[in-house]
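The following pair of complexes shares a single chain, chain A, combined with chain B in the former and chain C in the latter.
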Partner chain A sequence: METRKVFRPYVIAIGCWVLSFILALKLGSVSDVDFSVVTALRLPRAILATAVGMALAIAGASLQALFSNPLCEPYTLGISSGSALGAVIGFSLGLQWMVSGLALTAFIGAIIFMGILYFFSRRTDTGSGNLSLLLIGVMLGFLGSSMVALCLAVTDSQGLQGIMSWLLGDLSRARLAGSSLSLVSVLLLSFAVWNHRKDLDALLMGEETAVTLGVNVNHARRRIIFLSAMLIAVSVSAAGMIGFVGLVVPHFVRKMVGSLHQKMIPLCAIWGATVLVLADMAARVVARPFELPVGAVTAVIGAPFCLWVIARRRTVE
Partner chain B sequence: MTKGHAQFGSAGNSYFGAYGVTYSIGSRTLLDAVSFEMDAGEILALLGPNGAGKSSLLKILAGILPIQSVGRSKIAARIRLRGDEVHQLSQGGRARAITYVGPELRVEFPITAYEGVMMGRLCHHPDLFFSFSSADKFAVQNAMERCFCWNLRDQDLHTLSGGEKQLVALARAIAQESRVLLLDEALSKMDLHHQARIGELLRELAKEGRSIILVSHDVNLAAEWSDTAVLLHQGTTRAQGPIANVMTEANFKTIYPGAKLSVGKNPFTGAPQVFFGG
Partner chain C sequence: MRFAAPNLIVPSLWGALFFLAISGPVSAREIIDATGTHVQVVDHPNRIVTLVPSLGELASDFLGLDLQRIVGVSESTDYPPALKKVESVGQYQRLSLEKILSLKPDLVLATEDGNFKDQINHLRELGVPVVVLSTQTFSEIEDSMKKVALALGESDESKKLIARFEQGIADLRARGAKRQAKKKILLELDDDPLVVVGGKSFLNEAIALVGAENVYGDSSSGYPRPSHEDVMKKNPDMVLVATFGESANEPLYLQRAQSWARYPDLKAVQTRQVKVIYGNPLLRPSMRLLEGLALLEKAIYGNS
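And now, the complex of A and B:
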């Protein structure tokens, strides 16, 4: 009985992911398609959505613990746009032919933006519950996005189309080999984040308390920043900027199983995957034969949610 | 007694001691060679006006402000517990030796009080793969019962009042079973009833052999429970020794010039008390 209770959230989550995955393979802009379309187009896309959703949800959860702020996630902190800028620069340099060349420059972009964010968060009073951290993030987001647009306007022959796919997120470039590689790297990185669950738990109580609980905060912080930047880089280099998955998913997982990362990290991974597979399917199906950018779909749901969280926190205070 | 470091020029053999704690940011000196020693089972009150350096001293002892020089900020100190240099301990070893409770427990995420107190047991499990044992659970329940917050165990820390959060934070520190307990305004939001009960609890903890350092803006409360005191003023030690020798009118007149204060005795406990007027 006890074991059944322990495993129930995982079973439900995996069940939902499997269902969404099957639906994503089944539904599309055309309804009756042969097997080759499914394997060549929809399968890689669903795999990539799984990888990216996982990466964003886990990066969101670890950034929230790191900054002690439930409104943090790669997109709202502007780290995604730093990563996109890195990827676009790599793209302009022609690195997309190199295996994970874009992921490398995306990682450099993410880590630089995270460094800037961290520097400013130390300078200003961005303690828990403070919104000024988010303001810094919004500014970084603007900076990164406009530089992406500038870079692409100057160099990219595809023009606007290319800009949209980086800024609003787009899973249509998925190929089977690339998607599988993304999934494997995200799984490994997620496991590495899960290994820091004790540090993350202690950080929930604030940095000062974490020190007195026996956590080497400097070491943990460096590791978590590095791993989150890697996760963001893998997802942004493959799919552009997709916002709010990293905000909404950890929030609901915490509601379900509490804040301790032993359970929270794996469940964030599965629910993140499920949410993005469903969002991408919606993006393909809702306005068919046209395809909506998946980042716009997640933002339409996620941005009001973010406002709701802010409003609720104000009333609590 | 003026500067303590002359008295403790060489690190002594006492249970817990800090020697030559110095903290400066640029040209501003927050702590200037503050030293003190204490025995196991002793409760020491850190007294002094705002900005005297009490909180900084506790944070240095706790390791929150690490002993290092970074940019304009310079911290130097020797901290010894049972003859060991504390900074040579591992992070977990340090947490088992010394723990700190700050004035405010701010948690932004849904954590139950029980989970929060259980965090105190993390330092007893250096391995990554572990599950909390029945000994851990017993320690947590015991600590929460002693801090009168066992009934709050399933409540979300968000929903607790300031005083209740302080009870939970203290329970966490007790469950951690560290030998030295640093309390920085950790009882400031509790009601009178809980302050009195927690005072008794601190006495019991001291009897069990733990050393406790107390920072409280309420001098009379600190005086009621402490054995000894260190009086800080502008980062230097003005007086140290038994509480009755430190809490004297002469000492208070020098650090609060112009304030109308007089020192008497609590007729029931005999502890020194400060009164307005006189």
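And now, the complex of A and C:
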């Protein structure tokens, strides 16, 4: 009886993911399903959506613990934007020889932006829902996207074809091999984050509590920054900037199972995957036969949600 | 050891049979496209998909009455009018690969300068025969016509059409070369932001061909976005506003032409040389380009 209760949230989450995956294979921009379309295009896309959704939700949950602020996630903090800048620079330097070339520069961009964010967060009171962290993030986002625009203006535009749709978050480039590689790396990184679950729990309660709990705060922080930057780099280099998955998913998972990362991390992974698989399906179906960038779909749902969270915090205070 | 020989023979026999089955009566030809890729195309493609409007037009030129062989076109392919009813595979820079694949094409025609390289590569990885064409210069346009004709498996009739096109170009070129005073032209494609024809476009060559000069001919880009200040400095003799619609009389384009009156110091404005030109036959490199060039010549130099 006890074990059944423990496993119930996982079973429900995995069930939903399986359903969304099947739905994503069934529905798309053409209605008469052809087997070759399913295996060649929809399957790699659904796998990539799974990987990227997982990565974003876990990165969001880790950032929220790191800054002990529930409004954190890669997109709103501008880290996705830094990562995209890294990828664009990598692209214009001709590093697209492999998925990993772009992922490397995307990682460098993400870690630099995260460093800047961290530096400023130490100088201002940014904990527990404080909005100044979000403001720093918005500024970093502007900085990143304007530098991307600058890069696009000075480099040969032929080589950067299609980059605008990629910047808006786009899974249409998914290939089976690349998607599977992304999924494997995200699973490994997620496991690494899960290994730091105790540190995350302690950090969420604030730095002083973490120290009294015997956590080496600086060490734990560095590891978590590194791992989240890796997760963001994998997702941005594969699918561009997709916002708000990392905000919405951890929020609801926390509502369901509480804020212990033992359960949070795996559930965020599965729900993040489910949400992005469904969002990408919507992106393909809504404007048939045209496809929307999936980032537009997640932003339409996520941005009002973010506002709602802010408004609620204000009334509580 | 006695069994070793048959063990090898049986699989190799099957292998040979399989090889015969797949290589059997090969009814495909190899076409080397503008990207240098060797593309295997069936002799008589019956399920053709075109990924830019100009290639829809060009394929139709060669197919004549056989238009039902085109099963998919890019959005805003509107000429010949019969192509409006053909299924759309999306905008040329945002194609739906699902749609293309579900049409099971045996020939896809794309352009190097219009479509995205990644989407072309993606289609090729999925086994779709994509012939990519380049149309940045007139020699590339003539070459792309030959390649499209070859890919469609049309020979005699298309050879005549191409010969007629080449002759038409040669005639225009001869007339253009005789022009003494070359007018300086600005060819506007969009006004917000201002997009004009630059050096790396066949339209730059088109302006030169009819005996005029493109004020942005030295631009290293195909379609630069100059500031109005820079346009004042270049001070063209004539501004041509190209339309992207059914006719040259749409109010949108007339308004665009009128809005140049904001710059009364421009020579083109002072001499009332801001005109609207019907863009469709000019901007899309197909057989209709001859008609478009005639319109361009007429707009610049009148009927003389």
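Methods note: the second predicted complex is superposed on the first by the 306 of 317 C-alpha atoms of A that agree within 3 Å, B and C clash if a C-alpha of one lies under 4 Å from a C-alpha of the other, contacts with A are read in each partner's own complex, and residues count from 1 in each chain.
Please note the rule applied: a residue touches a chain if its C-beta (ideal position, glycine included) is under 8 Å from a C-beta of that chain, and two chains touch if they have at least 3 such contacts.
Here the structure is a predicted model, which is why all the values come from computation and not from measurement.
Novice: Report for A:Ala40: first if it touches chain B alone, second if chain C alone, otherwise both or neither.
Specialist: second
Novice: With the two structures laid over each other on chain A, which partner does A:Pro289 touch: chain B (first), chain C (second), both, or neither?
Specialist: Second partner only.
Novice: With both structures fitted on chain A, tell me whether chain B or chain C touches more of chain A's residues.
Specialist: After superposing on chain A, more of chain A is contacted by B.
Novice: Using the superposition on chain A described above, determine whether A:Asn216 touches chain B (first), chain C (second), both, or neither.
Specialist: A:Asn216 contacts chain B only, not chain C.
Novice: After the superposition on A, what does A:Pro9 contact: first (chain B), second (chain C), both or neither?
Specialist: neither
Novice: What residues on chain A touch chain C, complex-wise?
Specialist: Residue list for chain A touching chain C: 28-30, 32, 34, 36-37, 40-42, 157, 161-162, 165, 172-173, 175, 284, 289-291.
Novice: Once bound in the complex, which stretches of chain C touch chain A?
Specialist: 88-91, 93-94, 96-99, 101-102, 104, 116-119, 122, 125-126, 221
Novice: In the complex of these two chains, what residues of chain A are touching chain B?
Specialist: Residue positions touching the partner: 64-65, 68-70, 127-129, 195, 198, 201-202, 204-206, 208-209, 211-216, 254-255, 258-260, 316.
Novice: Would you tell me which residues of chain B are touching chain A in their complex?
Specialist: Contacts found on chain B: 59, 62-64, 91-92, 94-96, 98-102, 105-112, 115-116, 119-120, 122-123, 125, 128, 158, 169, 173, 176.
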